[in-house]
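Pasting a structure below so you can have a look.
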Amino acid sequence: MKKKGLVVAIVAVLVLTVVVYFAFFAGKSKQANTNGKVVKIGFIGPLTGGAAAYGINAKNGAVIAIDEINAAGGILDGYKIELLIQDNRGDTSETLTIMNKLIDQDKVVAIIGPVTTGPTTVAADIAGQKKVPIVSPTATGDKITSLSDYVTRVCFYDSYQGLIMGKFAADNLGKKTAAILFDNTNDYSMGLADAFARTFQELGGTVVSNEAFSEGDQDFNAQLTNIAAKNPEVVFVPAYYSDDAQILLQARALGIDAIFLGGDGWDSQELINGAGVAAEGCYFTTHYSPEDTSEKVQNFLIKYKEKHQSEPNFAAPLAYDAALLLADAIERAGELDSVKINNAITETSGLSGVTGEFSFDENRNPIKEVTIATVKDGKFALVDKVRP
Amino acid sequence: MGLFVQQIVNGLALGSIYALIALGYTMVYGIIRLINFAHGDIYMIGAFVGYFALTTFNLPFGVSLVLAMLIPAILGMLIERVAYRPLRKSPSIAVLITAIGVSLLIENLAILWFSPDPRPFPQIFPNMPLDFFGIKISIPQIIVFLTSVALMIALNFLVQKTKIGKAMRAVSQDKEAASLMGIDTDRIISLTFAIGSALAGAAGVMVGVIYPRIQPLMGVMPGLKAFVSAVLGGIGSIPGAMLGGLIMGLTESLVTALISSTWRDAIAFGLLIVILLVKPSGILGKSTREKV
Amino acid sequence: MAQQTKKNSTYDGYIALASALLLLILNLILVSGKMPAYYSGILGFMGINIILAVSLNLINGIAGQFSLGHAGFMAIGAYVSALISIYLQWPFIVALLCGGLAAAFIGILIGLPTLRLKGDYLAIATLGLGEIIRVVILNLDITKGARGLTGIPRTTTIFWVEAIAIITVIVTINLMRSTHGRALLSIREDEIAAEAMGINTTYYKVFAFATGAFFAGIAGGLFAHIMGYIAPKNFDFMRSIEILVIVVLGGLGSITGSIVATIVLTVLPEALRGFAQYRMVLYSAMLIMMMLFRPQGLLGTRELKVSDVFKFFSGGGERDD
Amino acid sequence: MTENQNILEANSLTMSFGGLTAVANLSFCLRKGELVGLIGPNGAGKTTVFNMLTGVYAPTEGSILLNQGDKKQAISGLPPYKITQKGIARTFQNIRLFNKLSVLDNVRIAFHFSRSYSMFHSFFLTPLFWREEKKITADATELLALLRLEERKNDLAKNLSYGEMRRLEIARALATHPQILLLDEPAAGMNPQETEELSELINLIREKFSLTILLIEHDMSLVMKLCEKIMVLDYGMMIASGTPEEICHSKRVIEAYLGEEV
């Protein structure tokens, strides 16, 4: 019996090795089929694990952009882009390995990703060391682009959004008391909360309650009950849409009728699907509005739905834009040299994508309009576009 | 004071869900001494079955709840048959690793099939607060609490009064003696998994009702917390699991309200360790002395 | 005498194993300059996992104390050594040692009360302790909470990792062969009988816990200085589970088993990389199959010896545990 | 030191578990070199007495004094390993060997405190380590030879026969260099032939190591033949003690055993 077990185990390992080799050679032969003229770009994001919803959306968005570019004849006179997609499970050590693999083994010229801030922090270091540019679609942590000259992002950074919302609450809405409910296991949420509180107080408002929750929480009643007791005029919830829907529902069930405010994490059809009427009248900052009638936006939305039979969340258009940005930069660099491509990225100006027109500040953060959206009659509606 | 009572109400609703999941843990542990790590994932499957029954097939709530108990029950039996029964005589740690493997497998298959995106659970009951002397209790909270209590009473009846229940208790006392008494222990173990999984499935639907969001990894933390609840109450003891679940829910709610949610998990686990040190058998468990 | 030669060959096996590892490290030093970062990175993680697995094996497999909180000790080592490197700029090896000692200290502190528990209860208590450590780190200011600690010098090289991994393995194997190692084994086998043999079981359980925590802390320090960035998420409960899976897969109590399993489980996900979303499904399915067909782990409780390899190639590799 | 000195004194030992009193107000002495039998019906509290003497249970009341040379010291309440180190060794009624270790290792473990070296030596395999290990192995092998287990020294303990397991338990106990040896039903499960050999063996080790032995046994013929003194326990109380002949004729003992088929 024992011997049989050992044999089975060994066979299993061997079979796997064969499978691996197969995968390896399959990868090789695929490369051979594309007749040389190929630009390799890496994609890193969580396709499994807790953050997979963003990773998969981002991947889909990037793929749509690359397909469009290739269908239109590629870049640099006939070079086709090959996107090498890697799953980092949202894990930092996986990211380190993947960065090394993409750069050393696969010789990519640039990388789209990582999607979340933690892994991007790790990737930034290696990108700088090896001088290969990375463009993160959605990593909003304030510091990441200052970690290395080779990190660019197409989304806003955390405190920028918090600042805009704080201003909006105090000036546009004219409110005096606010409560904050944030995810303190998430740096994105913490960053927005800090910036909101700072701005709101500078403009004369008072933060009457500051409550925290942890990733994966389902029950927000305890925090909301505390908030209800303070009776604030607005509640700022810098979290992701599925948490937001929960919070809205539970808040309304507790009889809280304050105005809810949020960041780009709110931007998903799922917010309305999940929260229903509870979402009415909330405001949030975001990258673009699906209601935007511009051809670029509508074209993207149609393509996404066609290909994936689902509504994209905000990660998809941002990754789409990241891919556009890279392709544009490679075109302008004129050759497949990572350093030149990076320079071209920083020099980008007026490139128009789904989420707006891109130029970059000295820290390679995008200078583009912030959209403030609301929910009206079960639909997102554009409130304002704010320029810094 | 009103605030405090309000937090207790919140804690009871959360606690009743922990209690439902904890029951499955406690029953399985009581009968084969296995921490069934996949139990939290069965709860997730229950939530998804409920979701599809309510949305895709437009079934009424009662039917959906029954389905969400039935399918996890079958899944629970299947897991026991395929993954745990062949290891009945292996060291417990090997079975534990298998359980972890099953848990990972279910989670990752669910991500593949259902996509990792969180889904909003359909709102069946009006999301409005009822006011009891200043204490606000929402209709979903009431539904969840009452359903959970009803299921627990039913389970207690099953275990205490029926023949099957007696057989289950006998097997958990002494497997060999029970089989000598003519009890088909494999069948009873299978049945225990079925009942425990059905309760977890029900808990999944309850969670959908009260916190209407479901996703493939939703079972991980509640699973862990429910197990802690089971240990807290005295593992192997059914009233213990109920008590443990309620204590857990109340503690979480009060810690979040009075201290901070960030310390909540630390305090929940701290409580567990204190209980284990003071009374390792849990609040309602019976202590056993090793014979020398 | 026949017995004598048998004994000697066992020892030869260990010595040969150690020297094979030493040779490997010499090779690594030679090529590490030229090695692509992808491979040296994987080797680095492999080495760290070997340290973690062997140290957990000391607690779980050798002393028989079911611990599920290893990531917590790793976290303490990682944070302490990283903070020392950032704020005090002490030499790398000193920072590592401080991390290890801090982990060992916490190990003793929490080991003393909890090691009265047994089996599954101990497992759950240690799981809870690991989570408590993580939550504390999440809430401290100096650790920067969920934002994570950036700016850790990336001093860890493949040389450091492999050297420390080999030291860990050799020290553990030496320990196992001594009277102290036998004391640990006796606790695993039967605690009451061990006490009756005059063995201070509490002392040895805490010793195993502290030593395991020490090496886990060192591994954490290496990890922090390889990544340059650490966050509480790196040390969650799944991390403890990952290490436990390695140990059980290799065989509880078998040091060489832990090494073999680490290699398999580091290479396997890497190899499955092409399957993207199916990767974790395959990994978990493999895990279940392994346990069903070989619940005692790859090597059971025995050690892989050089003579086994020769026997395997000469066609007589099968033997009982 | 005289032959008749008391080596162990137990004074009014009481052990209760919750409401149940397993041993009540038990006092006795062991003289140096004596071989004493402890008998009584099932559940009389014999093993509980052993557990108190070896520190597994701390007596609820009463004290145990150990005489070594001139000094008397209280050992009640000490942890088991300290009591073993002070010279009381035992075997277990339900055999407790280290099953997955070799026979040799089972005995080597018992040399743990008498032949120890510091952690440092085991981490770095110093010459002292090799020297001590060699001695430990030699001593263990010698003990195994004495108990006729030498041929099985590389087998796992769980693969031994029942009689061999009992002997290995004795070897292991002897390796802790005891002055007092407590044997808990050493002949249980043995056939008459094996029992006969066992009684010779007990006499042999008693001589060789000048041991004081306290023996729990159900096999009356063995007890009568071997012991110089017998103590009879019933419901946790000593109902008789004396020479085998006195016990045979004690009314209370016969009453206690009446109805019990021994």
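As written, the chain order gives the labels A, B, C and D, with residue 1 at the start of each chain.
One rule holds for everything that comes next: a residue touches a chain if its C-beta (ideal position, glycine included) is under 8 Å from a C-beta of that chain, and two chains touch if they have at least 3 such contacts.
Given the structure is predicted, the values throughout are model-derived calculations rather than measurements.
Peer 1: Identify the chain whose mean C-alpha position lies nearest to the mean of all protein C-alpha atoms shown.
Peer 2: Nearest to the common C-alpha centre lies chain C.
Peer 1: On a CA-centroid basis, which chain has its centre farthest from chain B's?
Peer 2: D
Peer 1: Based only on mean CA positions, could you tell me how far chain B sits from chain C in angstrom?
Peer 2: Between these chains, centre-to-centre, one finds 33 Å.
Peer 1: Using mean C-alpha positions as chain centres, tell me how far chain A is from chain C in Å, no decimals.
Peer 2: A distance of 35 Å separates the two centres.
Peer 1: Just how far, in Å, is the C-alpha centre of chain D from the one of chain C?
Peer 2: Computed value for the inter-centroid distance: 40 Å.
Peer 1: Touching at least two other chains at once: which residues of chain C meet that condition?
Peer 2: In chain C, residues 138, 192, 277, 280 touch at least two other chains, as defined above.
Peer 1: Residues touching two or more other chains, restricted to chain A: which are they?
Peer 2: 48, 184-185
Peer 1: Return the residues of chain B touching two or more other chains; collapse runs of consecutive numbers into ranges.
Peer 2: Those would be 108, 111, 262, 265, 292.
Peer 1: Report the residues of chain C in contact with chain D in the complex, numbered from low to high.
Peer 2: 3, 6, 171, 174-175, 177-183, 185-186, 189-190, 192-202, 301
Peer 1: Along chain D, where are the residues that touch chain C in the complex?
Peer 2: On the chain D side, the touching residues are 54-56, 79-81, 84-85, 89-90, 92, 96-101, 105, 108-117, 119, 121-125, 129, 132-133, 136, 154, 172-173, 175-176.
Peer 1: Which chain C residues qualify as touching chain A in the complex?
Peer 2: The touching residues are 36-38, 41-42, 45, 138, 145-148, 150, 154, 223, 226-234, 264, 268, 270-277, 279-280, 286, 289-290, 293-294, 298, 318, 320-321.
Peer 1: Sort out for me which residues of chain A touch chain C in the complex.
Peer 2: Residues 2-6, 8-9, 12-13, 16-17, 19-20, 23-24, 26-27, 47-48, 85-87, 89, 91-93, 96-97, 100-101, 103-105, 118, 121-122, 125-126, 130, 141, 143, 147, 184-187, 190.
Peer 1: Where on chain A is chain B touching in the complex?
Peer 2: 48-50, 52-53, 56, 184-185, 211-214, 216-219, 221-223, 225-226, 229, 242, 245-246, 249-250, 252-255, 270, 273-276, 278, 310, 313
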